[in-house]
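Taking it in order: structure first as structure tokens, then the write-up.
In order of appearance the chains are A, B, C, D, E and F, and numbering begins at 1 in each one.
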Amino acid sequence: MTASGLLIASGLAVPLGMSLACFWPGVRERALGWIWAAPIPALLAALFARGGGIVMSPEPLRLTLALDDVGAMLLGGAALLWSAAGFYAATYLRGQPGTGRFAVWWLLTLAGSLGTFMVADMTSFYLAFSVASLSAYGLVSFETTARAKRAGDVYMALALLGEAFILLAFVILALGVPIGNPLIREAVAALPSSPLLAPALILLVLGFGLKMGLAPLHVWMPLAHPVAPMPASAALSGIIVKAGVIGLMRFLPLDAGLPGWGGGLVALGLFTAFYAVAVGITQQQVKTVLAYSTVSQMGVVAAVLGAGMAAGAPGTALLAAFYALHHLLVKGALFLGVGIVAGSAPRHRILIVLAMGVLALSLAGLPLTSGALAKYAAKPLFGDGLAAALATLSAVGSTLLMLHFLRLLREMPAADPDAAPEAGILLPWAIVALASLVMPWILFQPVAGYALADLFEAKALWTAIWPLLLGGVLAIALFRIGRALPQVPEGDVIVLAGTLWPLVQATGRQIETADRWLRQWPVASAMLIVIAISFALAL
Amino acid sequence: MSAPTLYGLCAAALVGIGLFGLILHPTPLRKVISFNLVGCGAFLFFGIAARRGAGAGFAGDPIPQALVITGIVVAFAATALAVALILRMLEAGASTVDAKPLPPDDLSP
Amino acid sequence: MMPAQVAAPDGVLLILALMLPSIGLLAIFVLGHSRPERIALPVLAANLAVALIVALQVGHSGQAATYRLGGWLPPLGITLRADGLSAALIAMAALILFVVAIYARGNFASKAGGSESRQPMVFWTLLLGLSTALNTVFLAQDLFSLFVALELLTFSAVPLVCLEGSRETLRAALRYLLFALAGSVLYLIGVALLYGAYGTLDIASLHQVTRADRATSIALGLMIAGLMAKAALFPLHLWLPPAHAGAPAPASAVLSALVVKAPFFLILRLWFDVAPQPQPVIAGTMLAALGAASILVCSVLALRQARLKLMVAYSTVAQVGYLFLVFPLVMGSEAAVPWASIGWTGGVLQLVSHAFAKASMFLAAGLIAEAMGHDRIDDLGGAAEAVPISIAAFALAGLSLMGLPPAGGFVAKVMLLTAAVVSANWWIAATILAGGLLAAGYVFRVIGRAFADPAGGAPPPKAVARSRELAVLSLAGVALLLGFLPLQPFAYLGIGQGGMP
Amino acid sequence: MSVVLDAFTVITVTAGLVFFLAGTVGLLRFPDALTRLHALTKADNLGLGLIVLGLLPQCPDITSALKLIAIWVLVQFAGASASQLIAQFVRRNEPGP
Amino acid sequence: MSLLVDLVLVALILMAAVWTVLVRDRRDAVIAFIVLGLLLSLVWMRLYAVDVALTEAAVGGGATGLVLLRACARLLPVEAEGRLPGPGTQIAAGLLSAIAAAGLAAVVLSPPVPYPSLAALAAENIHQVGLGNPVTAVLLAYRSLDTLLEKVVLVLAVIGVWALTPDAFWGGAPGSLKSKHASGALDLLARVLPPFGIVVGIYLVWNGADHPGGTFQGGTVLAAMWLLMMMADLADPPEIRLKRLRRLVVFGPAVFIAAGFAGIFMSGWFLSYPPDYAKPIIVAVEAALALSIAVILGLLVAGPAAEPPKR
Amino acid sequence: MPEFLYAAAALVLLLTGLGLMRMLWGPSPADRLMAAQLLGTGGGAIALLIAIASGTMAIIDIALTLALLAAFAAVALTLGEPGTKTRAGEGEQ
């Protein structure tokens, strides 16, 4: 029981304790003002307790926390964003009804999501993952609009589906080890030699891909992220999707060198990246465009992981985490920023929109921003082939999408012509934005293994810039013909699934009819005899 | 053919006939009677087991006989309870004829 | 023949488990003219104490407690026996009955000094009747005693269904009675055939001698089918939804949580202890297939119900289906003996956690209906404000039904899944997962509605006693705590399995 | 002695059988309920009486013999009352002969 | 020659059974079922199960018949008979039932050799309980738990039937059983038969220790006499709130349970009897049980209360 | 001697069976009431014959019970009397 271990444990215990304290109505009503403090221990742990660990309960449960580099990196970013967004929420939601409920869901989601970065055994991971994904339902459906309700329902259905995939995958993984609750790395180490490798990998990608938003399982994201209150959107889009990322990092046998599977994942990731851009540029809601951008970026992360797995390259997880951290902070800042822009008059906006521009283009790899760093660091994994080209091209797509976003942002109507942004929401945004610019610089060298100077070479700069330019050109074209593009509804293919709804209803009705028939006395009693006869024959 | 075998076949037939009635009869009273028929068949199976197990100076194995006596009592109690239910239902005004299945939601409190 | 050994004290406790509730019900019948609960509650508390002591002793000694009635050895006499499984189940039943009794004081408390009234007298006697019946089912080792115990169960359960006396509940009770009787009589024929084939009805003796011949197959076929009818496995579930939905909440709770488990327990006994080994794969698959059909069909039906109690009732049929998945899983298992396998443990854990969760759910549904004045799911808006603890209990219990961590249902589900994967029964794994999703659907539907704003013009909710809400929550809490039991197959459940200790 | 008793038994029991036969023929042939009832009670009671009489010598002990007689008395009495009840029933429910 | 009796008996039974199921009028079905019960008691006789034959005669011909007939009387005017479903369903049901019956017949036709039996074991131990009738030994000693639980079943059945009382009538008396038509014959019968019947009932209980007969048979005969008096309006059905009545119901089971616990102290096991006193204890228990059974059966036939309690 | 008694029992049984059939066929409800009556006497006779034939004196008790309950059944049958007359008002006297 070391100090670092205790610090890590407190990272989980504090938010959970706070949510438990909300059982008392008095605490609950005041909780919103304090939720910013919940992730502080985790942040401290990320900074000071790297490499530490603690076993929370003895055999056979072995609930274990541990903080490796990958975990610490994401944990730190996530804790920072949670804290900032919490601070933001206190101002943003002030005076609204149901803030107590919001705080409870917030704290639970927070605890779960931070937990996913810290746990080392399978059961705890599943627990943390479930808590994060199920509690997020409360954030998605916080607003009581019909749109929020639909988004919440879709979110819940798919989240549960994802849980089911993951559970089965975990069960398969756990079979490889003789103990009840293995550590993740023990189970993953045994996976490549398992006869059930194929189903396990498919289930893992399905389950975690659903959380990350890999196409076509991304449908819940463009519905769910926009309807949540702004700080919650930031957390959802910035952090919760990373639960899927960390899942893939932890559970895929990245260093086993499985070219077929890795290639498949690359293909899936890149497809997602482009697909989300294509749909995203037809959207007219700022937050929806951001959600599609998240889908696209997560596609890239998946592709990074896939490329690493194909090559069996060590350090893949760290590179992917670096990319994810960049996205986490930037996307968080963007969502928080949208809230500021929406709530302030045009004359107060200029600076913010400018900063948002930098942030947005960072996602496309604007030189000297975190995006450029992340892309540069991950590039070698793709080698020189088609995948590499496509990965680079994805930056073009991102540029296009982000320019579309900036345009929508600029045109956002203001609620109040004189409103100035409050300090309570401006400050956290500024912190996150700043962190997104600074933090990757600090981490770049240890993660990527390159010197920072490499980034300033002409070749590197050009590689970062030409997609931006190409994207710019395409964007101009897009703005010309923009209105002629078909309006793809939010959540795209879910709408197709919607057409299946009458079929589902009809099946339900048929089952009811069948049930009514079976519940007739003559039928049921005849069945009784049929069953008796069948068992007599079978036994 | 020995007497126990003959009665055993009779028991099988009773069970068959009773089951037929149990499946088909729409009114609960007739179901109760059919259930009793099947029960009689079941008891007879014990009866032939008793007779076939004759020995040690007993004309029949006493254990199955005792079981049948217990069984008859229980079957009678069941019949009485079922009949009381049928009659009470009649007073409450529900048709006891089992023509249609119970709709799933006709359970207004 | 009169054995030399004297009765061990643990054995006497088994007798008490049967006799205490019986004496209690007789006492209420004669003495309880005005305040039956004053007799019933202490008796149920004593029953709980007895059950817990038995469970602890079995765990402590590591072997089954046995009692030979009148000192007669089987096959002539009757034996009571508490192995790990039985002990766990009588403790479970006693605990649930006790908590339900505390809750039911709110429904069936009689007025002080008043004359006897029908509902309290009937409810409390029958609750004790159920206790006797369940303890006998879990402890008796003789197939005919078990028949009598099943009848005890039916006779206690049926009048509870129509306690309220409306037409619909009477109809439901009659259906239940008739179908249960049909099941009983098939079981009885099976018993007769087994006696004819082996000359004994003692399970432990049968375990040694059964052969795979025609008489045995037919006997077991009839018995299993009869028990399935009583367990309301699809497609034999015709009686359950109206009966369980029509009964008063505390009655529904014990009916759904405990009464349908008794026949399943007997099927388990027949399958592992009486059926000739090894059991044919096809028969196990058939059991599981019916279980799977139960899960899928009845979960969909639960999802489509308009009334809360009917929804919970259909969910019972679905959840009972999970129990039947155990058979092929145990057969194809990695373990040499079934009770050491993860499938067996998962099945038992599913049984226990469902019992607690479902009891809690029905009681919560009862409180919700009391508070709101109706149980239409679509009009439940505002329930979360009116009865927050009940809604929380409902949600926690729902967690167990869905199989989400950290509930007991989750651990059970993981174990069953693991067993399904090990034995390569992928269709079972898929069913388990799909069932979990559907369960989530119907639970969330209720929770979602409960958090919605109340409909305009709805009468203001009535208050319910806090102690009753806490009783409900405690049951849900137990269902949740079961999730923290260690993940390996419990040695406890294997105590005394496989013939004599 | 035993031969004489056996012969007595055979004769009386056979006579009893004849009455049973007659009663049954009456049951089958008589046109209306009341006459059928008449055939039933008279013939059967007489038939049973003769059979009881015939069986008496075969009884191993006196208790059994007494029981046999008691049965006959009982059937006589019960049969008489029951047939009267049935007759009343017939009168109430059926058009006269 | 004795096989001829069996053949005729089986033929008659099958006829009665088919009649019971197929006849349209439900009262005819009940009568056919009563006939079947009486025929079955002859079968039990032929199977040398005299105790069972007595029970079947008492229950099949008496108690069950009366319960069903009462139901018919109240159902007839009110409710139409349901019709059997169409021929397709009938054929399917017939086929299933036939398969089930054929399977059972197959079991009957291939009995194990040697046939298993506990007769020898029962005979070996019967001296320990001091009884002459092995069936009573099984019911009250070897398998006394079944018998005890069965008594609990009976009490529960009474409660179950009473549970169907409309709330306003709780505590009152069951509906009158008396025949709607006063009749001298009935009156006479109800005055003369019961003394006979009570003697027979007591005889059957007393005799049961050593010869066929026993609690249930005797109790049923006693109950039949009580019911006969009720039908003839010589006795009123008792109000169900009466403590005296309830004590009678519970008396037998209570004595049985007490004897069971006494067994723990006297000879070590629940429901065991010290060999020297086994027979008197068993006979006492039987007597108490017979009394309770008579009352319980009477109450089960009488049904739930149908009038408010008198003050 | 037992052979003769068995034969007699079979004959009585046959005759009783014929009578039963007659009664079950009807036509009048009263016929059915006689069925129980017939079984009381016929069944009693058969029981007695078999008791003596097989030397099982206990069977006499069955005959006793049958005789006792046959009357009872007849009374019960008049209780379950059909027809609208009794129900339609003038029933309770």
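Descriptive notes on the structure:
By definition in this document, a residue touches a chain if its C-beta (ideal position, glycine included) is under 8 Å from a C-beta of that chain, and two chains touch if they have at least 3 such contacts.
Note that the structure is a prediction, hence the values are computed from the model and not measured.
Contact with chain B and chain D alike is made by E.
If chain E is ignored, touching splits the remaining chains into A, B, C | D, F. Relative to chain B, the most remote chain by averaged C-alpha coordinates is A. Ranked by C-beta contact pairs, the top pair of chains is B-E.
Among the remaining chains, the Cα-based centre furthest from that of chain C is the centre of D. Among the chains, the centre nearest to the mean of all shown protein C-alpha atoms is found for C.
Separating the CA-averaged centres of chain B and chain F is a span of 22 Å.
Taking each chain's centre as the mean of its C-alpha atoms, chain A lies 96 Å from chain D.
Annotation: 11 Å between the Cα-based centres of chain D and chain F. One inter-chain figure worth recording: chain C and chain E are separated by 31 Å, centre to centre, where each centre is the mean of the chain's CA atoms. Across the assembly, chain F contributes residues 16, 29, 33, 56, 61, 64, 68, 70-71, 75, 77-78, 81-82 that each touch 2 or more other chains. The multi-chain contact residues of chain A, meaning those touching 2 or more other chains, are 512, 515, 519-522, 525-526, 529, 532-533, 536.
Counting partner chains per residue, chain D has residues 74, 77-78, 81-82, 85, 88, 92 touching two or more of them.
Two chains count as a pair here when they touch; such pairs are A-B, A-C, A-E, B-C, B-E, C-E, D-E, D-F, E-F. Chain D contributes residues 6, 9-10, 13-14, 16-17, 20-21, 23-24, 27-28, 32-33, 36-37, 40-41, 44-45, 47-48, 51-52, 55, 58-61, 64, 67-68, 70-71, 74-75, 77-79, 81-83, 85-86, 88-90, 92-94 to its touches with chain F in the complex. Contact residues of chain E toward chain D in the complex are 181, 183-186, 188-189, 192-193, 196. Chain contact summary for the complex, chain A toward chain C: residues 60-61, 123, 126-127, 130, 134, 144, 149, 152-153, 156-157, 160-161, 163-164, 167-168, 170-172, 174-175, 180-181, 196, 508, 511-512, 514-515, 518-521, 523-525, 527-529, 531-539.
Interface of chain E with chain B (complex): residues 2-3, 6-7, 10, 13-14, 17-18, 20-21, 26, 29-30, 33, 36-37, 40, 43-44, 46-49, 51-52, 55-56, 59, 63-64, 67-68, 70-72, 74-75, 78-85, 89-90, 93-94, 96-98, 100-102, 104-105, 108-109, 111, 115-120, 122-124, 134-135, 137-139, 142-143, 146-147, 150, 153-154, 157, 160-161, 164, 166, 214, 216, 297, 300-301, 303-304.
By the touch criterion given at the top, residues 175, 179, 182-183, 186, 212, 216-218, 220-222, 224-226, 228-229, 234-238, 275, 279-280, 282-283, 286, 290, 297, 300-301, 303-304, 402, 404-406, 413-414, 417-418, 421-422, 429, 433-434, 436-437, 440-441, 444, 448, 452-453, 484, 486-488 of chain C touch chain A in their complex.
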